[in-house]
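Each of the next two complexes has chain A plus one other chain: chain B in the first, chain C in the second.
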Partner chain A sequence: MENHEVEPVLRVQNLVKVYRKTHTALRGISFSVRPSQVYALLGRNGAGKTTTLKSIMGWLRYSGEIRVLGSSVDAVRQKIAYVPEEKSLYGQHHLLQTIHLCQRMFPDFRKEAMVELAHRFEIPMKRKLGSFSLGMRSIVYTLIALSRDAEIYMLDEPGLGLDAIIRESLMELIREKLYEGKTVLYTSHIIQEVERIADWVSIIDHGKILLSVLVDDIKEQYRTFFIPFDQEPLLRTFSFRSVWKKSTHWLGISDRKDQWESLRDRPGISSEVPDLDSFFRILVRGQSNVV
Partner chain B sequence: MWFKVDLRSPDPIYHQIQSGIKELIMRGEIKEGETLPSIRDMASFLRVNPNTVVRAYRELETDGLVFARPGMGYLVVQSPQEIRESMKEGIKPMIQEIFTKARKLGMDYHEFLEVAEQLWKTMK
Partner chain C sequence: MWCKEFRDALWRVSIFVAILIGLLIVIVNAFPLFEPLMRGLYSQDTMADLLGIPPEQLLDFGIFARGEFYVLDQWQGKTLGQLIPIFVLLVAFPIFSREQEKRTIYFLLSGWSRTSVYWVKYGTGFLMIAGSVVLLNLLAPLFMNIAGYPTPYSLIILAMGQQLIAAWFLYSLFLLVSIRFSDQVRVMVAGGMLIIVLPFLSFVPALSWLNIYPYILGVGLYDRGGMDLGYSIGLSMVAPVCSLVGARYFATKEVE
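Take a look at the complex of A and B:
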């Protein structure tokens, strides 16, 4: 399912980031986010998710092209609400003071929305933030960003440090942004999160996007195949998007519907409809684009 | 309680939602002339992406079960009997698959019917 007529809210083309003395963090990242979408960058720790977001925000030098709302990020910065990975707040303030600060810092910050959220998430107003648990501080930062009436919300690991219940409430908030016509780009390494809330997912590993796909389409477009070692030649005669060698067999992902039937007919071969979890594992642990 | 969706199922979520809605209509829980639960309510209840619900509802409209009225939700326009008939059609490929498997095993028709009858009888 594609929507070609709508202008993307964010377009990243061939983003490369090289840290001169150390390593290449991003090796040519390309993806587009359309309006009213929840777009997830799913990858392991160190895959390049944070570097990608920081590049988009213009805080790192990079090569490649990035357009936000059709312009450079500097021109539209006030329309983006960003939540970094380390969600640090000023510990000496309590929430009410933080809210007043945000009112002065962000013209689009809505105090009533934040107060309502604080109530919903049972966050005390008059206790110093420094006394909050890690998870609480983390969610406060994200709630502040979500209380802004921005066009795009870029959240770096919003689920970090949160328990499952609060994460679910956060997912609900992200849904509400969709109803408001907003766009959310977020990074995560938590697969269940992505599966339930993201429209699109780009799977990123070692600085490259392995695949971008509509989450809903995964089950229709892909099959995982179990291939015992004695059937290894099949890896060459059939097309696999990625193959992962395990102890007694290979696991392969195929997007070739025309080949599924004949593959399944081979002795010892079985196939499954992938969920995002197995899909992710095989893509990341395997070798991609074999044959 | 409307229905559940299973992320582990081979069936894509939007498809499970379509099936779930069809079932609700067949059971009479949503009547012809009534509107489907709002996209928001359904997305919240199932804890899924609202666009997935939108896709499911749109496919139901393409299939002629519901009609989208701007600002007024999705109206059910088919009777439970009509839906049942079309769902019967939908079951055929599944039965076909079982036949193919039975055939591969070398089962003949009577053997198959025996097994089928046995299982049907033990069903609640």
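Take a look at the complex of A and C:
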């Protein structure tokens, strides 16, 4: 459960963002990130993850309230290490020049840490960044952020374009930040990545948070039920968090432990402990169902 | 960040300055050809005949053959002055639009406040423009004197003052365009349109001040023996207003 005694490092309340008066990207998002947590925003492309981060950084006009470390973002900008979705650095610079630039831009940037990480990830020091692949740019940008001694690391799709091995190493690095007492807010559409490193996850779709949950609680607090079409009335009788109509049956997520036994006793109904992957799919796809 | 901004603009500025220095050398070397031509064309007797006035009632047309007038007319007026708006556009157009187009703006804004980013960029660009304009203006009398054509600096410096003020005004205007568009081509086109359209607006009497060319070319400066004070004060008031509007616009613009 969330510890309400600890002051959150980030609090977002009723965040609404409308682009050009026509497209509503965020529809009242609220969440809090506690210290020393990896908090993930998980959602499909266009769900509103990047818009949320850009709003937190103060780059978009929005309605709602955002407090970072108890202040407005402008007061604490230097304490945030940010990696945008577009991993664009100055293509005409090589890594060494970029490191020098970071030293001047970020007072908390640790050059030695960056050089060590660059060697570990085999990033060439004297090749122009413009010639790097998307994956290499992702690594470099994320390593720059992780080489800072920031309070909060906000990482927008840090695993973009990376192979599984490199991504795993990068996720370990991100996770290591917790040992230093840092907080990480990151977005991803890769479920396995989130499951691996996040403590809390908010599943976001169409600009709304469908559910915020401790990742470890999913297996304990929720069950997935397979319900044949001939048992459809049960969907109204019992309470489900979300249901998704597949080709042969319904898939429902329930957090009502008191109903689980009774449901399992019904003919043709089976259940399983959900992983984040199935949990996410049912929750997101269930949005379009009318039961 | 100052260094980065300086490095970003260095190539464009260096190429422009190098080309202009080349042109300046050609112009200085052409003075011996120009001087007798001017002396003949504008001699007191020729002009007196032409205008039907006794020579003693005429101005001293010998000025046309002097080094100072030559620099004011051929260099500051007909060459450098004509190119300053294009030079300012070349420096200003990518300052914000390239960062937005290439999405590197997030890198800057994640470490610095928008106000800092704006003024550092503004300051670097302006220093490079002002430095180039001063250099290219002062090199002219220097080269003339080195070449053995005595050329005083006083009026040339006043003309340089006008060019600096005009460059400041144009720079502030072009930066607004650079903030507005996150596409460098659009900024170039819009800036080019401004350069072309501003003189045409001067056909409307109320907007005649928008034709900055007579001022930037130093028209009338020799006759007045000084700067156009009214216009200088006017532009010096409009330029900071444009700069502050730019700062406000950049501080509130959405970075999508």
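General remarks:
The rule is simple: the second predicted complex is superposed on the first by the 284 of 291 C-alpha atoms of A that agree within 3 Å, B and C clash if a C-alpha of one lies under 4 Å from a C-alpha of the other, contacts with A are read in each partner's own complex, and residues count from 1 in each chain.
Keep in mind that, in the parts below, a residue touches a chain if its C-beta (ideal position, glycine included) is under 8 Å from a C-beta of that chain, and two chains touch if they have at least 3 such contacts.
If you're wondering where the values come from, they're calculated on a predicted model, not measured in any experiment.
After alignment on the shared chain A, the placement of chain B and chain C results in a side-by-side fit free of clashes. Judged by the touch definition given at the top, the superposed model places A:Arg236 against neither chain B nor chain C. Of the two partner chains, neither chain B nor chain C is touched by A:Lys257. When both complexes are overlaid on chain A, the residue A:Arg77 reaches chain C alone and has no touch with chain B. Using the contact criterion defined above for the overlaid structures, shared-chain residue A:His119 touches neither chain B nor chain C, since it reaches no partner. Of the two partner chains, neither chain B nor chain C is touched by A:His23. In the superposed model, the vertex angle chain B-chain A-chain C (Cα centres) comes to 150 degrees (nearest 10).
Of the two partner chains, chain B is the only one touched by A:Ala198; chain C is not.
Annotation: superposed on chain A, chain B and chain C show a minimal Cα-Cα gap of 27 Å. The interface of chain A with chain B does not overlap its interface with chain C at any residue.
Against chain A, the residues of chain C that register as touching in their complex are 1, 3-4, 102-104, 106-113, 252, 254-256. Touching chain A in their complex are the following residues of chain B: 7-14, 40, 43-44, 47-52, 55. Across the complex, chain B is touched by residues 1, 36-38, 168, 171-172, 175, 178-179, 192, 195-199, 215-220, 272-273, 275-276 of chain A. Chain A meets chain C in the complex at residues 19, 54, 57, 59-61, 74, 77-78, 80-82, 84, 86, 88-91, 101, 104-106.
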